[in-house]
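Once you scroll down, you'll see the structures, which are given as structure tokens.
What follows is a pair of complexes built around chain A, which joins chain B in one and chain C in the other.
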Partner chain A sequence: MKQKKSVKILSRLFIILCLIVALAPIYWMLNTSLKGQAEIYSKVPTLIPQHPSLDAYKYLLTETNFLTGIRNSLIVAIFVSLFSIVIAYPAAYAIARIKFRGKRTFSKAILFTYLLPTSILYIPLYILVANCGLTDNILGLMLIYPTFTLPYVAWVLIPHISSIPYDLDEAAIVDGCGRLRVMYQIVFPLALPGIISTTIFAFAMCWGEYLYALVNITKTSMQTFPLVISGLIFGDMYPWDQLMAGAILASVPILIIYILANSSLVGGQTAGGVKG
Partner chain B sequence: MKLKKVAALGMAALMAASLGACGGSGEGDGGAKADSKSLTVWIEKVFSDEANTAMEERIKSFAEENDVNVNYEFISATDFVTKLNAAIEAGSNIPDITTGAVTKVVNYYPSNPYMDVTDLVDEINAERPYMQSIYEGSKIEGKNYFVPMTSSSTMMFIRKDKLEEAGITEVPQTWDEVFEVAEKISDPDNGFYGLGMGCGPTDEDAENMFRMIMWNQGGYVFDKDGNITLDNDAAKEWLEKYKELYDKEVIPPAASTWDSGGNNTSYLMGESGIVFNAPTLYNTMATDEANKELLENTEVVNLPAGSDNNTTMGFAAGLSIMEGCKNVDLAKDLIRYCMDDEWYNEYLEITAPVYAPVFQDSVGNGIWAEGINAQVVSYAENALGYYGYPVESIQGRAIAAKNMFTFPMSKMLNQVVTGAEDADGAIAGAISAIEEVQGTVE
Partner chain C sequence: MNKKNTKFAYAINAPLIIYLACVLLGPIIWGIWMSFTNKTIGGSATFIGLDNYINLLADPEYRRSIINTLVFTFFSIIGKCFFGILMALALNIKFKGRNIVRALLMIPWTLPNIVAVLNWRWIFSSTGGIANYLLKSLHIIDKDLIWFGSAGLAMATVIIANIWRGTPFFGVSILAKLQTISQDGYEAAAIDGANMWQRFWYITLPEIKDVILLSTLMSTIWTLNEFESVWLLTGGGPNGATEVMNVFSYQTAMKSMMLGKGIAVSILAMPVLLILISLLTRRMIAKED
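Our next item is the complex of A and B:
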């Protein structure tokens, strides 16, 4: 009994330690965002702001186009993450479930595409977007971002779909279901936790993307928020309070999405779905 | 069914929002003027919102007065080169006018996406003579690829109170005096170091300072013909002096990890007695009430001289016209408009002291006659140096400029203080790094 109790205490202490490690950078961002320049650069860092001020937030929200940037980022990230799921799910399903010639090559090609570094692709993609007349427009980003979200989503969904017992597909086919119905009405709901978590990750990839946005967007009204934050830097005196305020505000939408999706991220729905 | 409806509504709302957003506000495009000439201008943002606004207003007013379209955008300095490179490499959406500087131009060698604007510079110079250092320093093989507009600087920031405490009444005038004073005011036991000069392997300030100190002592990385001459006495002596100061804790121990923000942070923290930085450090102190006392205790002066000369690194910048510009005359008119005496003087007053004016008539005149403003003008007058100085060919300057981005001088300092190499070994390593760059450029 005593041993159980001490294990419980130790595990809780470990969780607390993990939480401190995970939350410390976020706390430091918040802390810095509330300080003035002099306090930020003081010899002894202060754990709690001595003269907390919301000036950095006020500046961001009233003097810059940060809110426009957030709006543009939201539009791009929502569109691209949903579009990626719509396209990548059938691809992942086909690779996970259907036997066809070249399946392994196709599957490896997806991984290879995902691993291509952005620094190689940004000029060719810029030319593509320019030829489509979409530079300086978030539509250009909507065209580019799927190049990295699609292979990522497909690659992550393949094992999710594979983990769902194939017997369920067979049973549905025996009962007269077509392949499409099996894919969308049987497997899709069961793969939903994986799909939702993958969508969130795809969203996060687009949300913080910087390089493609940087080379493709120049107009202030079209900038995504990472560009707005980067634009706050002049020379070697970084406005850390504003940069951190921007980072805090930009993390809010991601946080909300995680919280909203949390209830859907339940696994084990297929447990007991098949006998034996 | 409900879920489908919600999803459909959501997608519809998203599409509507995207279309709305994609339409944009037309900001910066000066409105649509059918059948008229147009220009696209990319300006590198400067540190002051007020200055950026003043430039924006000037461009707008040019567009209105001439009834032309001017699409302008202000781009942060950290993003500027990446964006311009992408446009140049892709060969599309290249602006007509951009912020230009010598280093920007030579970095594209053997290509040159900038137009020769020597005639325009000479025309402006005839009406209002440039400082000799700016006029000569902004030429590459006798040609101008940008119209010089501003000159930034590196100043010496000194804690007057610490000098007084040590019984020192005069601000040091030479590098030897600086090191001597730094040693006297150091108090490492109480976390105070005389000289806040970094040696992190990517410290741009250290890179520039090393070069300037070496020049002032008569040593150069290259000779006029582009031969590498880094293995010189001045370089070796300075490396050894730096190590001596570092070992004596005249320089903060953390200096070996600094980037270019390290020295100003150290000064603002009250950790360093003497630092070398752009006047942005002055602005930071001047705009924050909490730094009032530090500012009162600070003297800002031009860099000291060496035993050989007092040449400083030129940081002149201005406006360039890009090759492929379809309305060259209009682009030149816009640049002339931005160099108009009255507006230019007002603009430079906003940017003071970070930017100094580039014209000779500013020396000792108006707001430039005293205080830190006089010091930045004095710096500009001596700013004949550039990466590779005194090499003359564009190829030699390109090698030096490309090499600068690998921070060879900072790395030498870093290797010496960390004991990875002695002075000779560090110099040999730097020379071999320069030779590698030479190979790629040639």
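Our next item is the complex of A and C:
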């Protein structure tokens, strides 16, 4: 049993190391966002800000169009994630519940599009958005973001729906319940925990999306927040306090919904939400 | 499998199919055609046959970008997989507060990519960056390193940033599988005097082999196509040393405005992607049945 004990200690130490590696950079981000320029570039970095101030946040919120960026990102992410669930739920339901001709091909196609990297498509989608006259408009992003959220939502929902006992559907059908009613009034509420967390991950995918936004949007009033923050970086002097303040502010909504999603039933299955 | 079922299934799937046909399939087909033209931003497209492809294959910058992509992907995947397995094994041992620790370890992966990237850019900054300070205080280096100024170091930073963000995906996927392994085998092996390494090699590894393979394939597809972390960390520099395939494609299409040639870059990567994706599809769908 001696060996078991040493394994235990080793694994604890490793976990502590993991925690430090995972969280220290995030602490450093918060730390920097609270410092002034002088302290940021001081010879010996300070682990705790000596003169903590919210100046960087104030500057970011009042002097830049960061808030516009957050608003645009919110609009796009909320619209696209809701749209995705409305369109993808029936597809996931059909694959999980109905035997139909072409089902295998259909589910293969969904998995295929889910695995397809977004960067493969950015030029054709750029031309599509331009041809629709939606360049420099968040409507253009709303048009193309579902290309990656829809297959993701559909694919991840299939096992959630399959895990609901089929007896419930049968009982409802025997009682004379129509198919649409079974789909929306019986199965949908039972699949709700999975649906909510999937929607949340779809939201997160849109929230931080960079490439499509970079290619399609240049007008400042239409920029999403990743463009606003990265716009600050290409100057001569990097305003690290503001950049880190922006990074912190942009992470807050994601962390909140992540905690919410984590406390609902779903774990590993939604893990494919980030194509990283 | 009757007709009525099929009709109903297609009726409720129609919106998804129509959307994907118009916004995904249509543009892909169009993109393939576009890669045989000299389409520029704002310009018209004339058919030029295989010229884009021939030019690309003859272009040393393109060939270098492919090599960079392979190097970047290889080391990132090795790192993510290795640390992911360790993380899963460590988390598989019960302890108080395990769920919270698991959730905390997931954070790097849930953050928006741009946030993670900016953070690493600051950490590795040559003026005021904490990486240099730490390495100096540990006496590993005695002069500030200019991380984004030398080819090897710049590549190291993009790989480190990618591993940091991608490890939890492996960790959580493998952990989910680990938790389904029954303890009986381990107990029997312990009685037979198997050591830790033997237990891992003969009991654990065969069980998690599949999920490791799946995660690796998935992550490979996405890492091969990484754009934003490299673009925002190094911009492909110094002198193209970290210019991966998609940074090259972006430079070609959006900076030099040669859309046709830019698409050709993606199309040339397609065969490899199709092979990886179909390997994955086969395994994942087989598992479903």
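What we mean here is this: the second predicted complex is superposed on the first by the 217 of 276 C-alpha atoms of A that agree within 3 Å, B and C clash if a C-alpha of one lies under 4 Å from a C-alpha of the other, contacts with A are read in each partner's own complex, and residues count from 1 in each chain.
Basically, contacts are C-beta pairs under 8 Å (C-beta built on N, C-alpha and C of every residue); 3 or more make two chains touch, one makes a residue touch a chain.
If you're wondering where the values come from, they're calculated on a predicted model, not measured in any experiment.
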A:230 touches, of chain B and chain C: first, second, both or neither? both
Partner chain in contact with A:120 - chain B first, chain C second, else both or neither: second
Contacts of A:188 with chain B and chain C, given as first, second, both or neither: neither
More chain A residues in contact [chain B versus chain C]: C
Partner chain in contact with A:244 - chain B first, chain C second, else both or neither: second
Contacts of A:220 with chain B and chain C, given as first, second, both or neither: first
Touching partner for A:258 - first (chain B), second (chain C), both, neither: second
First, second, both or neither for A:41, with chain B first and chain C second: both
First (chain B), second (chain C), both or neither touched by A:15: second
Doubly contacted chain A residues - partners chain C and chain B: 41-42, 123, 126-127, 211, 215, 230, 233, 238
Chain C residues touching chain A - in the complex, by the definition given at the top: 1, 5-6, 8-10, 12-13, 15-16, 19-20, 23-24, 26-28, 30-31, 34, 86-87, 89-91, 93, 95, 101, 103-116, 118-123, 125, 127-128, 130, 133, 162, 164-166, 168-169, 172-173, 175-176, 195-196, 218-219, 221-228, 232, 246, 249-250, 253-254, 259, 262-263, 266, 269-270, 273, 277, 280-281, 284-285, 288
Parts of chain B lying in touch with chain A, wherever the complex brings them together: 11, 14, 17-18, 21-22, 24-28, 42, 45-47, 49, 73-79, 82-83, 86-87, 89-93, 191, 204-205, 260-261, 264-265, 268-271, 277-278, 280-281, 283-284, 288-291
Contacting residues of chain A [partner chain B, same complex]: 36-39, 41-43, 63, 71-72, 75, 78-79, 82, 122-123, 126-127, 130-131, 135-139, 142, 211, 214-215, 218-222, 227, 230-238
Footprint of chain C on chain A - complex, ascending: 3, 7-8, 11-12, 14-15, 18-19, 21-23, 25-26, 28-29, 32, 40-42, 44-45, 87-88, 90-91, 93-94, 98-104, 106-109, 111-113, 115-121, 123-128, 143-144, 146-147, 150-151, 154, 158, 179, 183, 204, 207-208, 210-211, 215, 226, 229-230, 233, 238, 240, 243-244, 247, 250-251, 254-255, 258-259, 262, 267-268, 271-272, 274-276
